[in-house]
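Labels A, B, C, D, E and F are assigned to the chains in the order they are written; within every chain, residues are numbered from 1.
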Amino acid sequence: MLHTINKSPFENSTFETCIRFLLPGDPILFIEDGVYAVQAGNRFSAIIANTLKNNPVFALQPDLTARGLTVVTEGVQCVDYEGFVGLVEEHQVNSWL
Amino acid sequence: MKIGILLKEGPYNHQASDTAFKFAEAAIKKGHTVDAVFLYNDGVTNVTKLMDPPQDDRNISARWSELSQKHGVEVLACIAASKRRGINDDVLVQGSAITGLGTLTDIAIRNDRLVTFGD
Amino acid sequence: MENENVNKIMHVLRHAPHGTIYSYEGLEMILIMAAYEQDLSVVFIGDGVYALKKNQETAGIGIKGFAKTFMALDGYDVEKLYVDKLSLEERGLTEDDLVVDVEVLDAEVIGGLMREQDVIIHH
Amino acid sequence: MKIGILLKEGPYNHQASDTAFKFAEAAIKKGHTVDAVFLYNDGVTNVTKLMDPPQDDRNISARWSELSQKHGVEVLACIAASKRRGINDDVLVQGSAITGLGTLTDIAIRNDRLVTFGD
Amino acid sequence: MLHTINKSPFENSTFETCIRFLLPGDPILFIEDGVYAVQAGNRFSAIIANTLKNNPVFALQPDLTARGLTVVTEGVQCVDYEGFVGLVEEHQVNSWL
Amino acid sequence: MENENVNKIMHVLRHAPHGTIYSYEGLEMILIMAAYEQDLSVVFIGDGVYALKKNQETAGIGIKGFAKTFMALDGYDVEKLYVDKLSLEERGLTEDDLVVDVEVLDAEVIGGLMREQDVIIHH
């Protein structure tokens, strides 16, 4: 199951809530304002690193680029919209709005 | 693969509509069928032809209209949500239609995936 | 035996009632989908649990209340109502504070149910 | 006291419009002048006469219209925000108008208070 | 200066942000989903009690009633829409949307 | 000496850019108000600081970028740009990451400025 998160973790609890329900192996994809979670060296970098132990973490590159985020936490994989579609091919989707 | 999209926010105010559109384009480009885009909550305002954004900005309803006509994507607004928000047949952009939530149920059942975008 | 023609559809209510319309229009969607004989479940997470709070009297804000409509779900054969345990506890609520009988589950269990679904819609 | 209101969200989807209305009513009841309600962001959709909510629900645009006509409250939608969202003169409820952000500046200056409601 | 907060503190950081900027003596009014902050016995009761040491705290009664919140943290004053107007008479307004 | 006819109006940007339109339409409002010769200030709090982040390239998401428009504020005599210190630090940012010169202030100082205002508008 692919989990998508589109809210900034600084302002909204969606990210914290989502990871409580995450099963090992299931990928997370950060999109829109959600991508601020994976910016290297911010308050959430440790949680992202910890999540990466059991779950692949993706971020939508066009959303990172739009926000001027050039360095992401190590281990986070960046995908474009085609990569997003690729993840949807492999998994049912759970969009945590 | 057959993909349905559920879009729950209006245009411009939230990025949801833009992401849904980019996702739909990419899915079609990869050879998938985007069966339908169902509009719910404020999402119904995506298809008013009255929108008139600045010249140098995207026209979101025109873009959905084009996607619908070019690729056979059904663009459908929930009737109850539309009535609350002042969307009716007179203002619909070409290629879109108003329908009931039963149609969303059909879309959820007949597609391999339902991907939601919203706030 | 599982019926191949029945889809597992989960609705997740995550917003408080009244401040936004999401839980109300979410319930409208659930009521329509209930007529389609799919395998429906409804999960209340985060502020979504407040939608089930007893004693909501909305006349003063001029908005229609809908907490009692959740009681009607049983009549539509929507019997799988799950509440996230931590969400309830953090809000100082117990099952006795809710308008309907629900199953209170740990996040891992709800996560397991999510993985079985064909479709998940958050409201 | 003269009070201006800035409303930044659309009707039904958020409670902001309801709270703004209840606040305006209470202010008028207490003898204050509610000078204007300025609509910005999705707030501009408060004044479409095309909305058609269920019989047993409030009609939000009709309510603003009545407030405007009964108590002389100017109900004004920002033109740039309106154009993006498909609100134009043809769909405006009686008593409302479309105007520029300069008018909001005037409202901010000439009133004792500007109270904002939104998401 | 009257500070209004209309977001649930469980899902959104507005409350935490607002109180960082609060000066002693200035009142806070919780409205809409913001009123969940003052429900007695929840995760935020201690912060509310602490805030009350220097700032009067109000909650909009119609919003509490609509949400079935019958018991509020001790010291929180409940007002109706007229009381809201009364606070606006006394203070300029800072609406933390 | 203070001019009695000049109002102190503060705009507070609190939302990240692009995910929602608030900071963009907020900036549009500021640009119009700048023509009215009031005492304007703009404060960036929380995710609002991201609106000033350098190197935003929005072509890929199909939305107009506007970070550079903040540079134009100086030409409109809007010179009071304040950034909340903690908001910047929590996001791993420094003043060097921002497109314009700002004054980085503690919350108490910004709180004091807020109290002096005639009007405060959050975006």
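Definition applied: a contact is a pair of C-beta atoms (placed from the backbone, for glycine too) under 8 Å apart; a residue touches a chain by one contact, two chains touch by 3 or more.
None of the values given here were measured: they were computed from a predicted structure.
Contact with both subunit C and subunit F is made by A, B, D, E.
Between subunit D and subunit E, the least number of touching-chain steps is 1.
Residue numbering at the subunit A/subunit E interface overlaps substantially, since over half of the positions present are found in both copies. Rotation angle relating subunit B to subunit D: 180°, from a CA superposition, given to the nearest 5. Set against the Cα centre of subunit E, the chain with the most distant centre is B. Counted by C-beta pairs in contact, the busier of A-C and B-F is A-C.
The contact pattern of D-F recurs in B-C, the pair among B-C, B-F or C-D where over half of the contact pairs coincide by residue number. Ranked by separation of Cα centres from subunit A, the top chain is D. Taking each chain's centre as the average of its CA atoms, subunit B and subunit C sit 25 Å apart. Between subunit B and subunit E, the centres computed from C-alpha atoms are 38 Å apart. Residue positions of subunit F touching 2 or more other chains: 14, 18-21, 46, 61, 63, 118-119, 122.
Chain contacts: subunit B has residues 12-13, 15, 19, 22, 41, 57, 80, 114, 116, 118-119 touching two or more partner chains.
Under the contact definition stated at the top, the residues of subunit A that touch 2 or more other chains are 6, 10-11, 13, 32-33, 62, 80, 92-93, 95, 97. Pairs of chains in mutual contact: A-B, A-C, A-E, A-F, B-C, B-D, B-F, C-D, C-E, D-E, D-F, E-F. Subunit A makes touch with subunit E in their complex at residues 10-14. Those residues of subunit C that touch subunit E in the shared complex are 14-20, 46-47, 50, 53-58, 60-61, 63, 65, 67, 90-92. Residue ranges of subunit F in contact with subunit D, taken from their complex: 7, 9, 21-22, 25, 28-29, 32-33, 35-36, 38, 118-119, 121-122. Considering their complex, residues 12-15, 18-19, 21-22, 56-58, 119 of subunit D touch subunit C.
Residues of subunit E touching subunit D in their complex: 6, 31-33, 62, 80-82, 84-86, 88-89, 92-93, 95, 97.
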